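What follows is chain A paired twice: with chain B in the first complex and chain C in the second.
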Partner chain A sequence: MITREEIIKQTNEALQKEFEFKPEQLVPAARLRDDLGLDSLDAVDMVVVLEQKFGVTLRQGYDLRTIVTLNDLYDFIEKLAQTHTN
Partner chain B sequence: MTRLRTFFNTVVIGTVAISWLVLSSLVAAVFLNIRRDKTGRAVRKFVFIQSRGIVWLMQLAGKSLRVDVSPRPSGPCVVVANHASALDLYTISAFGFDNVVYITKGWVFKLPFFRYVMNSAGYIDAEKTPPEQMLNLCRQAVQKGCDIVLFPQGSRKDPQARFKSGAFYLAKQLDLPVVPVAICGTQTMLPAGHFTIAPAHLVLKSFPAVLPADYPGELGHLHMAQAVKKQIMDVVNQETELCNK
Partner chain C sequence: MDDSTTVVITGMGAVSPYGPGVQKLWEGLSQGANCMHAVSELTELPMVNTKVAATVPDTDYSFIPRKIRRSMSRMGIYAYLAAQEALQQAGYENAPDHLGFFMGSTLNSISVWLELASYSQGAHLERIKTSDFLQIMNHSPLAAVCQALKINGPAMGGSEACATGLMNMGLGFLAIRSGLVSQALCGGTEEYHPMFSACFDIMQATSTNSNDNPSAACRPFDESRTGLVVSEGCGLVFMESKKSALARGVPILAEVLGFYSNTDTENMAFPSQKTLEACMRGALASAHISPKQVDLLNAHATGTIAGDIAETQAAQAVFGPSLKINSLKGHLGHTMGASGSLESIACVKMLADQQILPTKNLQQPDARCGRVDYVRSPRQTPLHIIMKNSFAIGGNNCSLLIRRPL
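Right after this comes the complex of A and B.
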């Protein structure tokens, strides 16, 4: 099973590549909208990027509006990965 | 010498520029009878002439002005440019785009004079307009033969900021070619947060159109944004040394 550290590493790599974030911006407490400046279209793009990265479906059956910070995002992917493994 | 020139530019050319913007708007309001221009075409033409006047004043204030123009698409297009100065808005006219709808931030719509002209011309408030409505407004503008102009960096704070993908998503949805425009030197002439006009070399360059069809897939607009940014910033970074001289 993928570890939390691996999820953080892969998520940050994807965000750096697709959204040109600097590593120092990607701290767990960073708010996706207010601190990282992601707008609604960016949020949709981010979901697609992460789906492709982790091979999971994030768009169906989940309320993504509860994801406010990067840490929320890591938690969400970790939980999803566990569900898939079980 | 540069300080003296900056002083002259700020006091004389700056005053002429502001007077030109205000007086031409007043004249336009009276003679063009803006309120009766339902399509906004006359107002957009007026903004084009007004902008050409500002570009001419920029040329007077600057050390040199070079404009490299690539042939534009035969129909409407989306024009995207880097953004580092309030002057960037006017430079679009140097490429001959004379019937454009700008998508801009909300605060610009609050400025006296400008607010009236912008509403009459059919410009779109990027912050207040929901995405679906924006798409419809752009579709209507395109049907009137307008080009859509956006600054995908969204603000002048960071000249190297990433290009947000909204402009490219719009181009994909409306199947419009994207014309990249590189603006170099305006940041030296009038940087964000400054009110003095320094002499600078200005380089303006438009590129051949980029087609949305060349960027397929769910993330096509995101990849198009990255490719267009690279194309523009390569020129900007290459010319920056000249512009800063």
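Right after this comes the complex of A and C.
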């Protein structure tokens, strides 16, 4: 099963590539909208790239209102990965 | 015609194979510099006979904010840079209220389309991102530049292949003259893909006998020409009513005197002399001037066999043998939807410098072409009025007249 560290590493890699973030911006407490500046169009594209990265379907359960920070995002993917594995 | 219906040009912006900016365009043209090169993708396709293109030098565009750039393919970026330059020259840091914007392209980004097609073929449509779609709508560059520069007047994207740039200048001219807007950005943009070369190659319209000497690949009017060289870029001009320009106290670069357009319904790909002649006469009538008042015809002349013959024969019929004529496709290649507006910018510079640029690579005019005065070396001469022609596959023709400020 994929570890949380690996989820964080791969998520950050995908976000850096897609949204041109610097590594130091991607701290767990960073808020996707307010700190990282992602808007609704970015949120859709973020789901697309993360789905490809992890080979899972995020778009049905994904809700930007409940996923505020990067840490929330890591949690969401981790939970989904566990469900996927089970 | 009063000052509110007289249309003038007060700003210009360009991205060309010579690089970004009007200055680089003018320097490259004036020096007769080479911007054509072999294209590796074409070299690998044995069935495609042309191997040469002209492209905008590779540049890192990350200085443009990501949220602006995400909706832009390369042609959108070219348009953004050209629009900024034109606005600045017209004296604006930000777009004025209710600015009109008239711009289009021949096709939208083939590169992005091919990426989308690969998702479709692989049954992976879930990989489509919003930014992909925002980049390949027919009016994507127009919309993206409006969003980026807060252009809030009417934005319309006329798309007529190789005539797109000049058609949109005509639309801008008519929009100002009609009172729809008092100011407008207008022109065309295009990005190169080897598919463009391949398509024109199938139609036997490309340069094929100078692949080992790219600089000489495009030879408008020359007896040894075989066709065009595909290119890319963007040209935008800022037009406004003379009343607006005078009220703002900005320098007037040129006056737009007249515009005309017609459609050849006999053939999609072969222009008829008769229709081209009618187009040029229509522009003269629109400007209320006689053929003798035109000092130069900056021809569409892409270097194809049939096109150059039809245009110069038509020009001779309209203007007579003393007409001075040039084409800038020998320098730039055919920038497609951008060609009419990019070359119009060069015409404004020629008016300012009182200098006619020669047709690059023209050594011996084709005896089948019209009897006119082919300019083959830089010529300093009194230059007041220039006619610019653009003709598109599909039969869409247009001619525009510009005059040096009085």
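The rule we apply is simple: the second predicted complex is superposed on the first by the 82 of 86 C-alpha atoms of A that agree within 3 Å, B and C clash if a C-alpha of one lies under 4 Å from a C-alpha of the other, contacts with A are read in each partner's own complex, and residues count from 1 in each chain.
We adopt the following convention: contacts are C-beta pairs under 8 Å (C-beta built on N, C-alpha and C of every residue); 3 or more make two chains touch, one makes a residue touch a chain.
Predicted model only: the values in this text are computed from it and were never measured.
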item	value
Partner chain in contact with A:Glu20 - chain B first, chain C second, else both or neither	both
Contacts of A:Val68 with chain B and chain C, given as first, second, both or neither	neither
Contacts of A:Val56 with chain B and chain C, given as first, second, both or neither	neither
Partner chain in contact with A:Leu41 - chain B first, chain C second, else both or neither	both
Touching both chain B and chain C, residues of chain A	19-20, 39, 41, 45, 48-49, 52
Chain B partner contacts - residues on chain A that touch it in the complex	18-20, 39-42, 45, 48-49, 52
Residue ranges of chain C touching chain A (in the complex, touch as defined)	62, 66-67, 70, 126-131, 134
Complex contact set, residues of chain B against chain A	131, 162, 164-166, 169, 218-219, 221-222, 226
Interfacial residue positions of chain A with respect to chain C in the complex	19-20, 37, 39, 41, 44-45, 48-49, 51-52, 59
